[in-house]
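In the two assemblies presented below, subunit A is common to both, partnered first by subunit B and then by subunit C.
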Partner chain A sequence: MDSASSGIQEPFDLIRLSLSERVFVKLRGDRELSGVLHAYDGHMNLILSDVEETIVIVDHAEGAPEGQGTVNIAKRKMEMLFVRGDGVILVSPPSRT
Partner chain B sequence: MHPHSQSPRFHQQQQQHQIHLIHLQQQQQQQRQLLELQEQRERQQQQQLLQLQEQLRLEELERQRQIRLQQQQQQQQQQQQLQTASPSAGHLHGQLLHHQRHVSGGLSPALSDRTSRHLGRQSPAADAPFGQNMTYLPQDIQMQQRLLAEMAQAEFINSMQTGTPQAERDAREEREMQEILRAEAMKKIMEAERMEEKRRRKHAKIAHMSRYNDLMTQSDKDFITRIQVSQLVTPDPYADDFYAQVYGAILRSRLGVQTQDDRVLKFGSGGGVGLGLGQKGPGRRQSAMQRMEAQVERIVNNARMREKEKISLNNLQGALGKTSGRSYKAAPRQLLQVDSGSSPTPSPVPAHGHISKADAIHHEATGAAKEAAKIGRETLGSAAHTHEHDRQDPLTHRESLVILERLYDLVLDLEQMRRDQPPPEEEEDFLAWEVEYEAHVQRLWLGLRVTAPLETSVPHPFISLLMPIKGKRLLPRAARYLDDHQTLVTLTLLVACFSQADVIVKAHVLDTLKESEEYHEVDAQTQAFMQSIIQSILPVVAKAELRIVSGLLGLLFERNHVAGVACTKPGLALLTLFISRVEVIKQNMATATEVSELPPPEDTDQWQSVFDNLFNFLAHDFLHLFPSVRISRTLGIPHSNVPNADVIDHPVWQYLATMALHASAEQQQILVTSLRELVLENVTSVNKGWVADEEERRSRLANVNIFLHALGLDSSQIAV
Partner chain C sequence: MPRRPTSSRPHPPPPLPTTTGSPTDFLKGVVGKRVVVRLTSGVDYRGVLSCLDGYMNIALEQTEEHVNGAVTNRYGDAFIRGNNVLYISAAEPL
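Take a look at the complex of A and B:
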């Protein structure tokens, strides 16, 4: 992508393009969010609406070696959400199939 | 020398602390008194009850005695009457009255004695804070007792004046009366007690809340308020408080313009404090606001004075170096002195600058001649030109987002400029403002890519811009700044490339009943599209002439598959809009007085031919226009099982009604035959009560009626 012609000069401009669009956010703690991005700031605090959060829970059985354990996924939906910036790992458009 | 103890505030605090302690002691004493008083009052009430009962018993005894006396008297009276003439009866009557008065007199002093004793006992309580409540009680009881006495007296008089045979009945009545009176008295006492309770609780609560009153002086409170308000003062109150101001403006315009237009406290040329939404409490609030204003004025002026002093000091001490004047400012000095223009500070404001700056440098590479040719081509009635157009790839999603962000910046700037418009009196500023305004509008116009030739790409760049939902939302806001001609060109382009729009392409998804992600997405996009398109083109279409409307319809026909377009919500809305506009024109024609107002016959002919074309094209399958029919056909379920059929079919019925209005007799015949089954089905289902819900019944009937009325018929004419 030619940044000069497209006018994108810094990474936050890319996030800016996704305003009002659905984004996929990866958070610390094995969590992922999918929601419509309404606002962001320098700390990467985000305001999302119509959000679905996916939490991956890995249960290790006692005494079993690492790598063995049941993986559970918990989902929940929220209408409006404020995400604190320091937990955000990445922000991307939703995966296009 | 302990500086702390030297402060006058500290001394004041000490004094107040002592005062507070004294208050506390007093309150404790009062509480103790209250408790005692409560106990007393309870005892008194019990006593009063007992006394009331005593009185009633006494009165009964009295009455019985009276009855006996009366009987004796009557016997005497009768005897005397037999012997003497009327004057003696009058004399006796007077005796009787006197006796009565004596009797009542005998009663009432007794009563009044008791009440005065009550009062006497309760008067020391008047000092307590609940004094007023206490006096209410004895007064009330006094009244009741007086009432009781009066009732008893009335009873006596009655019983004495009437004969003895009624005495027993009267006695019974009296007893009942007394029962009632007693009950009422009890009720009144209970009520009084309850009111007491409430008042006690309220006062206790107030006392609890005001435990810590008067810790700070008014000047202390003002000092802190001044600090807080000074944090709110900004040089640009509108921009810093943007959302609240705009939200408040919207609310106020919806309610009707009630209060001032400026919800900002201004302080000369220094700064201001945004007020945002309406504040409640007109009375008290106003004085608080005035005080705040005065304080902020003082702060701002002080700050300015200090600035001036600082400058003068610096000048004086220029030879020795600058004095450091920032020691008292709250924030620490920034380590990096960055220039906000080219800084890497991660805030949206420079980002805005980046995208828009690129836009200012990078122009659309279209020559003026090419533009004119394109506009010429896109306006109506022109034959297809073959120019050399650079065929490009359609805008990628990323590119359209970039362009949209630039356009949003332009629209925001334009909106801000509108707000800052200098008054026409200041010529220079106004002219400069106008120049800038026009430049922005021009950039907006170019940025919308409406002027790009039709063959540039499929979909057309403008259509690609409308694909993300924020593009759809941008259109009405941007269209506000375009003039009529530009809006018309936009509309023409939209019509020409209508079937390229994403909502049209994906409209088939809505014809399934599946509740998938895609369904919701397409539904949301369609809603947004309809809202924005209708909003932006409505003003133009509402004023359009017949020639233009028929030209637009013809263009739609030419370049799009009309049957497919008509099966979509936005397409149907567009068609309905056009045809109803023609209807209005025709009505105006009928009422037009001057010949010049009438459209020329060529136009009407053109319209007729376009309409006929449209009709014939759709006549293949009118039923397919109905979403409910489409759903039932694709899913293979019977039509009656389609949920919400009336709601989704409503726009179709409206469209068919508008068609019917313009249809000739044969066309109407065709319409009726093809829709006959559906109409019958709806009417029978309503009349035979197959439809459970009242709402559904009404809407179904309304739908059918919309269509039938256009034909001059009514559903009631259909015999089932």
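Take a look at the complex of A and C:
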């Protein structure tokens, strides 16, 4: 069983091992977060601190071909954040080495 | 009265493939293998499947994020929330 080497039996173990670590979170609506994970639950509701949110805004110019819109990136910081689980697409812990 | 064709013997069902099994058997078989996970958004994640649960939450290792065929991100580990998953495809022979 090769999952024994990493000590992961179920996907939530990955999140549990990331508590108190800085994680990358990909959200619906072209939003990304980077923050320190304080708590989570089975819905993937998250509590993050020291968060930076990155929002990708694509403006489609009139008559521009598909995928040729200008991309704007907005960032903002928050001290403490509750993330509702249903918006979460992906969570990536810091690399375990 | 409608007439049935004279040679109306139904064909026997095609032989079942040699590897039958339930979807769960497939998923058990691909743990530890390279897979492609496609999300409903169309984004693909290619990596080694560490494990998954009943919600189809997925843990991947050595993950590459592909958008329109181009690599857009790499993650050592990634947790994918199951509701976003469209399919899991085996990327190497089982």
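Points to keep in mind about this one:
As a convention for this text, the second predicted complex is superposed on the first by the 87 of 97 C-alpha atoms of A that agree within 3 Å, B and C clash if a C-alpha of one lies under 4 Å from a C-alpha of the other, contacts with A are read in each partner's own complex, and residues count from 1 in each chain.
Following the convention adopted for this analysis, a contact is a pair of C-beta atoms (placed from the backbone, for glycine too) under 8 Å apart; a residue touches a chain by one contact, two chains touch by 3 or more.
Note that the structure is a prediction, hence the values are computed from the model and not measured.
Applying the stated contact rule after C-alpha superposition, one finds that A:Ser95 touches subunit C and leaves subunit B untouched. Contacts of A:Ile73 after superposition on the shared chain: neither subunit B nor subunit C is touched. Contact with subunit B, but none with subunit C, is seen for A:Glu21 once the two complexes are overlaid on the shared chain. When the shared chain is aligned, subunit B comes close enough to touch A:Asp41, but subunit C does not.
In the superposition on chain A, no contact is made by A:Val58 with either subunit B or subunit C. By the document's definition of touching, of the two partners only subunit C reaches A:Asp86; subunit B does not. Measured by the number of subunit A residues touched, the leading partner among subunit B and subunit C is C.
In the superposition on chain A, contact of A:Gly7 is made with subunit B only, not with subunit C. Once the two complexes are overlaid on chain A, the subunit A residues touched by subunit B in the first and by subunit C in the second are 6, 8-10, 12-13. The touching residues of subunit B, when paired with subunit A in their complex, are 344-348, 350-351, 354-359, 362, 398-399, 401-402, 405-406, 468-470, 473. Of all the residues in subunit A, the ones that touch subunit B in their complex are 1, 4-10, 12-13, 16-21, 40-42.
Residues of subunit C that touch subunit A in their complex: 31-32, 39, 41, 45, 50-53, 57-59, 61, 63, 68, 75-81, 83-84. Of all residues in subunit A, those touching subunit C in their complex are 2-3, 6, 8-15, 24, 44, 67, 85-86, 88-93, 95-96.
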